[in-house]
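See the structures that follow.
Heads up, the next two complexes both have chain A, just with different partners, chain B and then chain C.
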Partner chain A sequence: MIAFIIRRVAIMIPMALAISAIIFFASRLSPIDPLNSLISPDAAADATNLAILKERLGFNDPIFVQYFNWLIEIFRGNFGYSIQSGQPISEILALRMPATLELVLAALIISTTLSLLIGLVAGANRGGLTDKFSRVLAAIGISVPDFFIGLALLNIFAYRVSLLPTGQRISPGQVTFIDRLPHLILPVATLSIAMLAVLIRYTRNSVLDTINRDFVKTARSKGLPEWKVMWSHVFRNSLGPVMVLIAFRLPLLVGGAVLVEAVFQWPGIGKTIVEAVTVSDYPVIMVVSLLIAVAILFASFLVDIVKSILDPRVRLGATIE
Partner chain B sequence: MALESKQLNNILELKDVNVSFTVESSSLHILRDVSLQVPRGSFLCIVGESGCGKSVTAQAIVQLLPDNGRVDSGLISYYENDQATELNKLEKFGREMRSFRGAKIGMIFQDTLSSLNPAHRVGRQVAESLLQHHNLSKDEAKERVIELFRKLGIPDPERRYNAYPHEFSGGMRQRVMIAIATICEPDLVIADEPTTALDVTIQAQIMTLLKNLQKSAKRTFILITHNMALVSEVADHVAVMYLGRVVEYGSVDQVLRTPRHPYTQALLQSVPSLDADKSVELKTVDGQTPSPAEVTKGCEFAERCLFATDTCRDQIIPLMTFQGNHQVRCIRLDEKGNLPKQNKAGSNV
Partner chain C sequence: MTEKVPSTARLLVRNFAGNLTGMFGLLVIFLIITSAIFAEEISGYNPNLMDGMSTSLSPSTDHLMGTDQLGRDVFSRVLYGGRNSILIGITASFLGNLIGTVLGAIAGYLGGKIDTVLIRISELFMTFPQLVLVLIFVTIMGQGVNNVIIIFALTGWMTTLRLVRSEFLSLREEAFVEADRAFGFSKKRIIFRHLLPNTMSPIVVAFTINIAIYIIAEAGLSFLGLGVPVTTPTWGNLLSAAQAPVVVEQYWWLWVFPAVAIIAFVTGVNFVGDGLRDVLDPRQRTNAKNKTFAATLREKLFGSRKQTIE
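Entry: the complex of A and B
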């Protein structure tokens, strides 16, 4: 098991480096020169000013040197500065991250708990009431985009019935978490519905798949009661593929839910990305992209660990050599 | 209910069992009036080609048919002391039916890799059955399982107890499967093609093991197979099935040495033997097995039978009993149980 983990981590390092290179060089391919927005239009007109700035910021170094400088700075914890605001990027992240964590974590917990519960019951009682309900819910969740669900919820609960705030994380003058709670409800609900749909389908189908496996017949041939057959044979074996789906949602915790954050003016990382892209704030875009990529790598690492716990055959890869 | 002395000798009886499957909203009649007697302490083989209903028969006995299958009519009776229980009248997953599964009737399945749960350690999978039917502590159960593993020839049982199914070879996995089926010492064990997926040498080991388990504990075994060579080695009684019906039933000598039904005869002639003349082509049964959707009320073998007449096709064929409870479903036999001399008699009736 330990050898398996070490091997898995060893693969992650070159992958992360490769991704960082792609992010860096891709940003340099853009035709838009971010420096233009850094200095006043008057100064930009003067080519010598631009040249001095370029020299000072290291843009005249060979591109590989620039890349390594950027990478080294990141390893030293210096993520650079936003072109737009001049703020250190680490400061921006520290400011925006809690909002995203709050939103995504709540949605992840709610959607995962609900969909596992509904999916397992729906799969175990195929064609039953829960199964039909889950099918309707899933159809809505899959076919309707999340920003539309968000807008619809806003329209109903914020405009027509003024029950909940229209957006933002907090209203002026509010301080405590309880004050913020109403703000959280609609975005979390929107994100949860979108996540729920796929996961319910997935869980249900995985359960149905497992129920027809031969070892379930073996379990029944031992005279076990149905709940025991379901619990220790069907459910545990259905969780593998479901866990993968859940784990691959973890990067949302760092990357934020772009559309939902935009709809609800939620000051998270997702909104930061949108803002950065609109003004070509490359340093911010690059750092956030890198963070998301590393998060995805980490999630897939987590997937392998969880899978190897659920299904011992996965570990085989570590012993055969 | 007082039992006749004949019934006392049987552990299990099937009487006119009909099973149908719903496939795409139409009903397929898979088992037709299947009747079988399983004498206590005997080794019964059910043989027949793929799709003839052997496995369905086994699954119907323990009520583990797939979701789309059901027993429409007939009786499946299990005899214990002087008590008869009609298994197919019990609720499928009810407490009473479950008290039979594992405890009184053990099941061995064919594909051991898919029939064992890949996520659980094998020891646990065997102990599970024991803990279900007996009031034992986990440690006691483990001890019993390890003891049985040793008896079944699984090397290093203490260590292997904690191994996963994929860490075993096919033969060893089948031993684990046998352990699951026999750990509660059931009186009846049903083995559904237990050796089909194994190498020939391992097949022999497993069959010897099964035969010894049957003899030493005076247990009753039902072996489902399409391997005629196996049958001659282990069986006391043989039932031959064709397209959902039992066409011939009798002791192993009756069925293998003096087969009466044209299908059984054809089946036996198609078994290759080492000393056969290789220049003579191996006999095959002409024609295709009809689909269960196409069968009419007459004999289902009539279309491929050399002795078939029009009456064979139109009449419901009763099971005829000959000397020594040798049962054959064929109307072309005379009172001594012999087929007419001439072939293709269809025209001269």
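Entry: the complex of A and C
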């Protein structure tokens, strides 16, 4: 197990470094002066100051040296400053990150739980009502833009029937989590529907694959009740491939969050990056995209660990796809 | 005495014609593209003509899909928007597939270090959510129709690369490739003249499905106000009107109709893609139950599919 973790970390670290390199060098292709990312705007007002600063901050160094210096600063927790607001990026992140985490985690938990349940039922009763429903949902999932689902939900549940708030994370005067809960419902529903569509279909197919295996027949012939066969034999063994898919879908979820946050004026990371791109605030774009990529890398690492616990063949290096 | 054997292409057309959902999808696509081409004649309005007397009208017989806040006819804007959105989808999908195919062919045939490097690069690209990757490129390159197409192509070649690579990996061990090598053909010739035509089926399917993906991506990007500049109508640009809460609340026709156009077109494209997959690439078929009548018939007449295609 430990050897497996070490092996996975050994792959992950060069990947993370490569990602940071891509982001850094790509940002140098941008027409904006990189100096602004490291100093607050008021210090940049004087031209002679600027020249001295440029030398002192190492902007005359070779570009590779600059890259490593940038990387070291990131590790120290100095993410630089926003060009737009002059605010330290770490402050922006601290403010915006919890909102996105809340949204993505809730959508992840809800869509995973629901899709596993519905997928199991659809797979167990192939051709039944649940199966047909899941097929319709899958068709919707690939051809309807998720932000349109958000707009429709907003129009129906927030405007026509004034049941839920029209956006934002908090209404004035509300403090507790229970107060904020209604704000969470529509964005999470939007994000979950988009995820559900793919996951249900996949769980269903995975369940169908497992149902025809020999060990399921054995379990049935032992005289186990059907629900027990389904639960402890079919379901558990169908989980592996589904976990892999969830890891693959994480980028999609984060990408979806960018659009959903725009629809519901949700003050999260997605909104931050869109605002930053609008005004070419590229220090913010660099740090946020680095963070997203590394977070996804780390999440897929965690999924690999969980997968290896579920299925020992994974950590022994056998390929099961 | 020569027996008349139908050509592969003709067989494919005949099989596709027997695929009901595929044909339905083709019909939808055809209708939308035709009406986009004859946008002005069909809608009867100039998409950019502002009419101060008739702003924010709900749908009526005069304006089938209503008018926007500047008094422009939404129906004609949806049709004109279709021109640009479809153009972006098709061009970007073509270019992205071209990059993926060439790199995938190189990786799959040559193998070794080049293969490892290309696979690693594609993994790097896939770590980012596509939208975030697109946004990074938008920052560097700026907005505009051409830039959006290039950015989509640069961020969407990875799946094609993997597809083509895995096809090549299995094909390069086949006897006819060995024969090629024995003849002393150049690598370039073996890859592009002999192997590539045999991988065309999955590439065509990927090209079709990617059109749908890019049209939805364009809608998302332009909805955020970061895609095509608002002066050029696209389905995404029309939808971006819904960034204003008042539009979401009161002027539903401004965002529902462009969305319906997207959904109809994308569903059509996906149906055609699934149909093509059924006809072209039996191994990737999603569900045996969806087998078309023609396919069943052909299997009975000609034996298994694989023999008839190769």
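Here, the second predicted complex is superposed on the first by the 276 of 321 C-alpha atoms of A that agree within 3 Å, B and C clash if a C-alpha of one lies under 4 Å from a C-alpha of the other, contacts with A are read in each partner's own complex, and residues count from 1 in each chain.
Heads up, the rule we're going with is that contacts are C-beta pairs under 8 Å (C-beta built on N, C-alpha and C of every residue); 3 or more make two chains touch, one makes a residue touch a chain.
If you're wondering where the values come from, they're calculated on a predicted model, not measured in any experiment.
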Key: Partners on chain A (chain B, chain C) - clash or fit   = fit
Request  = Could you look at A:T176 and tell me whether it touches chain B, chain C, both or neither (first, second, both, neither)?
outcome  = neither
Query = Now for A:T48: first (chain B), second (chain C), both, or neither, which partner does it touch?
reply = neither
Residue contacts with chain A in the superposition, chain B compared against chain C = C
Ask   = Touching A:L151 in the superposition: chain B (first), chain C (second), both, neither?
value = second
Request  = Report for A:S162: first if it touches chain B alone, second if chain C alone, otherwise both or neither.
outcome  = neither
Task = Between chain B and chain C, report the minimum C-alpha distance in the superposition, expressed in whole angstrom.
result = 8
Query = For chain A, which residues lie in the overlap of the chain B contacts and the chain C contacts?
reply = none
Message = Give the list of chain A residues in touch with chain C in this complex.
response = 15, 18-19, 22-23, 26-27, 29-30, 139, 142-145, 147-148, 151-152, 154-155, 159, 166-167, 251-255, 258-259, 262-263, 273-274, 277-278, 280, 282, 285, 289, 292-293, 296-297
Ask   = Of all residues in chain C, which touch chain A in the complex?
value = 120, 123-124, 126-133, 135-136, 138-140, 212, 216, 219-220, 223-226, 239, 242-243, 245, 248-249, 252, 255-256, 259, 262-263, 266-267, 270
Query = How about chain A: which of its residues touch chain B in the complex?
reply = 212-215, 217-226, 228, 232-233, 236-237, 310-313, 316
Remark   = As the complex stands, chain B meets chain A at residues 62, 64, 66, 93, 95, 98-103, 106-107, 109, 111, 114-120, 125, 128-129, 132-133, 164, 166, 177, 180-181
